[in-house]
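The same subunit A turns up in both complexes below, where it pairs with subunit B and then with subunit C.
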Partner chain A sequence: MLRGLLPALSLALVLIAIAWLNPRAISYFGFNLMLNLAIPIALATIAQMFVIAGNELDLSIGTFVGFVGCVTATWLRDAPLIGIVVLLGSIAVYALLGALIHLRNLPSIVVTLGMSFVWQGLAILVLPKPGGKAPDWLLSIMSFKPPYLPFPILAALIIAAIVHFGLMRTSYGVILRGSGGNAAALRRAGWSLLRTKIVLFALTGLFGVLSGMALIGITTSADANIGNGYTLLSIAGVILGGGEFVGGRVSPIGAVLGALTLALAASPLLTFMHIPPDWQVAANGAILIIVLAARVLISRRER
Partner chain B sequence: MLQAIADIVRLNGAEKHFGAVRALNGVDFHVAAGECVGLVGHNGAGKSTLMHMVAGTLRPDGGQIAVRGNAEASYSVARALALGIRCVFQELSLCPNLSIAENTRINHPALRGFGWRRKAADLIRAKLDEIFPDHGISADDIAGDLSIGRRQMVEVARAFTLTSEPLHLVILDEPTSSLDAHTAGQLLAFVRRFVAAGGSCILISHVLGEVLQNADRIVVMRDGRVVAADVASAFDRDRLVAAMGGAEGHHKAAAEARKSEPGALRVRARPARQQDGEELVARAGEIIGLAGLAGHGQTDLLLAIFSAASRAKAGIEVTAPVALVAGDRQSDGIFAQWSIAQNIGIRSLARLRNGLLISQQREAELAEFWKQKIGIRTPDMNNNIFSLSGGNQQKALFARALGSDAEIVLMDDPMRGVDIGTKLEVYDLVREEAAKGRTFLWYTTETEELDNCDHVYVFKNGRIVANLKRDELTEEKIIQSSFGDAA
Partner chain C sequence: MTSVRTLLEKPWIWSFVGALVVWLATIGFTGGYGAGGMVTAALSLAVFTVIVGVGQMFVITLGPGNVDLSLPANIGLASAVAMKVMGGSDSMIVVGLLAALACGAAIGAINYLLIWALRIPPIIATLSASFIIQSVDISYGRGLQIKPPPGFADFTNWQVLGIPVLAMLTVVFTIGAALALQRMIYGRSVLAIGQNIRAAWLAGVHVGRIRFLTYTLCGALGGIDGALLAGYFRGANVDIGNEYLLASIAVVVIGGTSVAGGKANVPGVWGAGLFLVLLLTMLNTFGVSAGVRLVLTGLIIVGVITAAGGEKAVR
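Moving on, here comes the complex of A and B:
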């Protein structure tokens, strides 16, 4: 019971700390500012969650987001057709990786670690030095200002609702999660494990693309290294959100909450705590360790 | 001809090999409509392999399979399901991360579209109510949170749920192994109703009483063959046990009675789940057998003894160094990247050390000694361990244990998949080493191997249920105690 509420609790804890340190931050404008980068982080976390649901891990999601960003800031603006083909093609590459990992029984960590260098290299080829510009339609989507509810929160709600429905409520979502829970049982019931793996990896590719595009819509221009931090951030988000590395236990709502927690704990909280920028990365890591340790302690007690 | 149509499934001359092991050796087997067939046999008799074939999860290497009189050339799980043949496997096959309703959905492709969750929940709830009234399971429960008994109830109930696919034959592989007497009775009564209504069932159980009372016909397997098949009323307990064990034709391998003056105490151990005062006692120079069905606590006790040698443990007393010969050679025994000599030397590093380094020369001497002594067939002990055949790899693992300073050698069914020639050599070696004062604790699933033992403890459900001395050791006795029905 407590375990299911933990992602929401940790987010509330971070919010309370921010409100206590700086009450004015809890406002429409404040949330827009603090959760500036939460949408791409949430999308990357969802992407990571799909592979984790199938007991795999994607170490290339960060550089993939960077590659998508570079394509978005160049081809998608200058030659939309090529841009769309390249992005769809990269999703197909993800699907093929899933098939390869299943058919050759390869460890996904190794394959995706290798792919992370491939994506990085491709990103540098597309955009050798920082620059480019996001397509105008993307800029206007990302700067949308709905009344009352800050856009990042609205977007997080929509992402969580759609993925929750797709993975947790549909009949094929059951099969996808079952492939992480007990693959042998699924095979005996006549399901194709190749297909589940391909679908999970393709969904990771799809949400990686969305993440990269959202990121460029916010930053307006790209850099080949722009997504590098997202690999570990997305894994931490899934785990923070109540997911587990094996066993097909994941939660889309939890993953989005975990991503929001990470986005807030990253710089806003630390800035309000007057922690100098030099120490923020280390402090961020410390917060992560504390939250994850609390999660482990609580779930162990419940067992 | 009429007979062939009435068959749900028929296998003729089914064969299956796993490497050098013949799991099935030309088996003829059939199930008629409206019939409950009991299938019994010792571990490794080939029951599970045969059932995997009927369920479509394994393909036979030879022979034919026919369903309702039609030969099936490309039989598979999907084909079996479409023909109404389902299997409840011995290992639990629920997804622990999914709810009961979701687990039901996995077996029914037809449960989809709007409202599938409610349909799945209704389906499994109705079947659970029918088979196990007062089951106390909710369709929203997560499978992993249920007790093992309840998981087994769900799994059985799920196999009998009906949507678009037909249901003619259900294979129940040890369906009552985790159920208490009350729920087991409910299940068996349901099976009888199902069969009376025209369904068919294959019932595999180690509880012979269950099979005798509920099956219409009983098939007994041994060593990959069907050795007896008759109507259930033609069998009684003794005839079943005799057919399973093959009382005829076994020679005692080590007939000469060895001197039996008790040596120094080496091991005294009580299994963790033992409730009475029974405990395992091993003295210097003894070969102690651990028997019973696979997975009934023998390996657990060996591992407990192994760890008690380095760290004190309640209920276990070990007075000398211990070495373990692993049963699962590939995952627990061998260092795959190392040479044969290194694999042998690892248990004796203290003796092979020269200052901070391992002396290559001493390692080579040790390896060469055991190569001669145990007859490892290789041109060079520095070759990779995988250059050896399976039997010779196992010899290298024996050399590792026997070449060490261990006075107690634990053997965890080490002869799996080893050819008979190697086995006989190792038996001789074990007896020779025991005569020199070493103690062997030998878990084996092969009853003939127990003939090498001075003393045999039979395990059931993690407990010692019988303690047989050499002169009272017969195969029937071992089977009697390991199949002993909880009265």
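Moving on, here comes the complex of A and C:
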């Protein structure tokens, strides 16, 4: 019971720390500012969660987000039709990778490692120098200011609700998770493991595309290296959210909470604690360790 | 004929075949010019990937989820430590190397401590640790003009008959690693843990001790690699190890080691290391742009792994 609440507790821990250090940050404006980059991080984390649900790992999601960002800031604005075709095509590439990994029984770590070079190279070819501009409709979506609830929180709620329903409440969602839990049993029950793998990878591609677009909607221009940090952030987000690397045990709500925790811990908390720039990265690591240590303490008490 | 077939069945042969093909393609392009020099350069650069690759291989062999993501940060810090201890004087070379080794080993031990005490997946533990190490390195190495002693720089660049001495020493080291893996209790225990950690524990393998040793060994190899890199490139810096995160994992897997653990392969690390370096040389020789080079590198890695095929399903 308590274990399921751990991602929420981690987030609360970070929020309490922020409120204690700077009470004024806990406001509509403060959250809008602090959670600025939370939406793309949450979407990338959800993307990573889908492959992890199938016992795979995507080491290319960061450079993929960067590639999508470059396409969004160039073609999607100047030639929307080409932009849409390219983005749909990249989702198809993800689906093909899923098929390849299943049919040839390849380690996904290596395949996606190779793909991370491919996406990075393509991003550089699309946008050799930092620049470009996000399409206007995307800018207006990302600067939407709903009443009462800051947009990043609203978006996180919507993302978590949709993915939770799809993956945890529908029958095909159970099959998808089952492909990570007990693949042999699913196969004997007559389900196509090829199809589950293709669907999981295509979903990763889809959410990767959404993440890249959301990122460019916030930063307004792109750079080939803009998403590189997202690979590790997304994996950390899934694990913070209570997901496990094997067994199809993932939680969409947890993943979104994990992403929010990381987004908050990354910069606002550190700024408030007056940590010198040299040590900000270290503080990031320390926060990750503290949160995980708290998790261990809680789950030990439970036994 | 049978000997050829047994050779083809070795999982490591494909990485050497790949390296050979890339090399032939390049000298075909240059019309045979620079064929020998290319091998020399490839050997001297591959050494650094092979050393960390072997460490990463032992870690990955421990089983699913085991991987050391702190290697780049570790290499960066150790390079700074080594250069600072040596302080530009030839008499301190050995002390500096030992300091780098100790620094790396300490990082490896801390990694395992995090994994063991917090029971977190090694990916997350080594990732968090690498953040901290990175900061230590940034603040430790700041504003330092860190150059290696002339003797050390010469040693890391020393060649005999066109073969880098460092490469010869690394070959000796990898033979030792292969023996340790296949013939020593330590290596057999690593393989046993990778195949089935519970069975290994029931069979009396000191699971905790072996895992601790493996992470420490990998850290120590990262440390020594950092010192050697700083000598070879004549200076330490924070980013010196950055490319070795992907490279160390890539050489392990291209070299035929199973990412599922329990099956390791030392010769393949050499083949894959040479393959990656020669691939880069080839693309540079062809004069392609940075973007095209990255795309081709990625596609070739995916192509090689697809051609070599995954493991046959056991059941």
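Everything below uses one rule, namely that the second predicted complex is superposed on the first by the 293 of 303 C-alpha atoms of A that agree within 3 Å, B and C clash if a C-alpha of one lies under 4 Å from a C-alpha of the other, contacts with A are read in each partner's own complex, and residues count from 1 in each chain.
The working rule: a contact is a pair of C-beta atoms (placed from the backbone, for glycine too) under 8 Å apart; a residue touches a chain by one contact, two chains touch by 3 or more.
Predicted model, so just to flag it, every value in this text is computed and none were measured.
In the overlay, answer first, second, both or neither for which of subunit B and subunit C A:R249 touches.
first
For A:V118, is the partner it touches subunit B (first), subunit C (second), both, or none of the two (neither)?
A:V118 contacts subunit C only, not subunit B.
May I ask you to decide whether A:N105 touches subunit B, subunit C, both, or neither, giving the answer as first, second, both or neither?
A:N105 contacts subunit C only, not subunit B.
Between subunit B and subunit C, whom does A:D278 touch in the aligned arrangement: first, second, both, or neither?
Second partner only.
Of the partners subunit B and subunit C, which touch A:I289 in the superposed model: first, second, both, neither?
second
With both complexes superposed on chain A, which partner does A:A184 reach: first (subunit B), second (subunit C), both or neither?
Once the two structures are laid over each other on A, A:A184 reaches both partners.
Does subunit B (first) or subunit C (second) touch A:V174, or do both, or does neither?
A:V174: touches subunit B, not subunit C.
Quick one: name whichever of subunit B and subunit C touches more residues of subunit A.
Per-residue touch count on subunit A favours C.
Please report the subunit A residues shared by its interface with subunit B and its interface with subunit C.
Comparing the two interfaces on subunit A, one with subunit B and one with subunit C, the shared residues are 184.
Taking the touch rule as given, give the residues of subunit B at its contact with subunit A in the complex, in rising order.
Within the complex, subunit B contacts subunit A at residues 55, 57, 77-78, 81, 87, 89, 91, 93-98, 102-103, 105-107, 109, 111-113, 116-117.
Which residues of subunit A touch subunit C once you look at their complex with the stated criterion?
100, 104-107, 109-111, 113-125, 128, 184, 232, 235-236, 239, 245-246, 278-286, 288-289, 292-293, 296
How about subunit A: which of its residues touch subunit B in the complex?
169, 171-172, 174-175, 177-178, 180-182, 184-191, 247-249
If we count contacts the way the header does, which residues on subunit C are in touch with subunit A in the complex?
So the residues of subunit C touching subunit A come out as 64-65, 69, 114, 117-121, 123-124, 127-132, 134-136, 138-139, 142, 246, 249-250, 253-254, 258-260, 289-302, 305-306, 309-313, 315.
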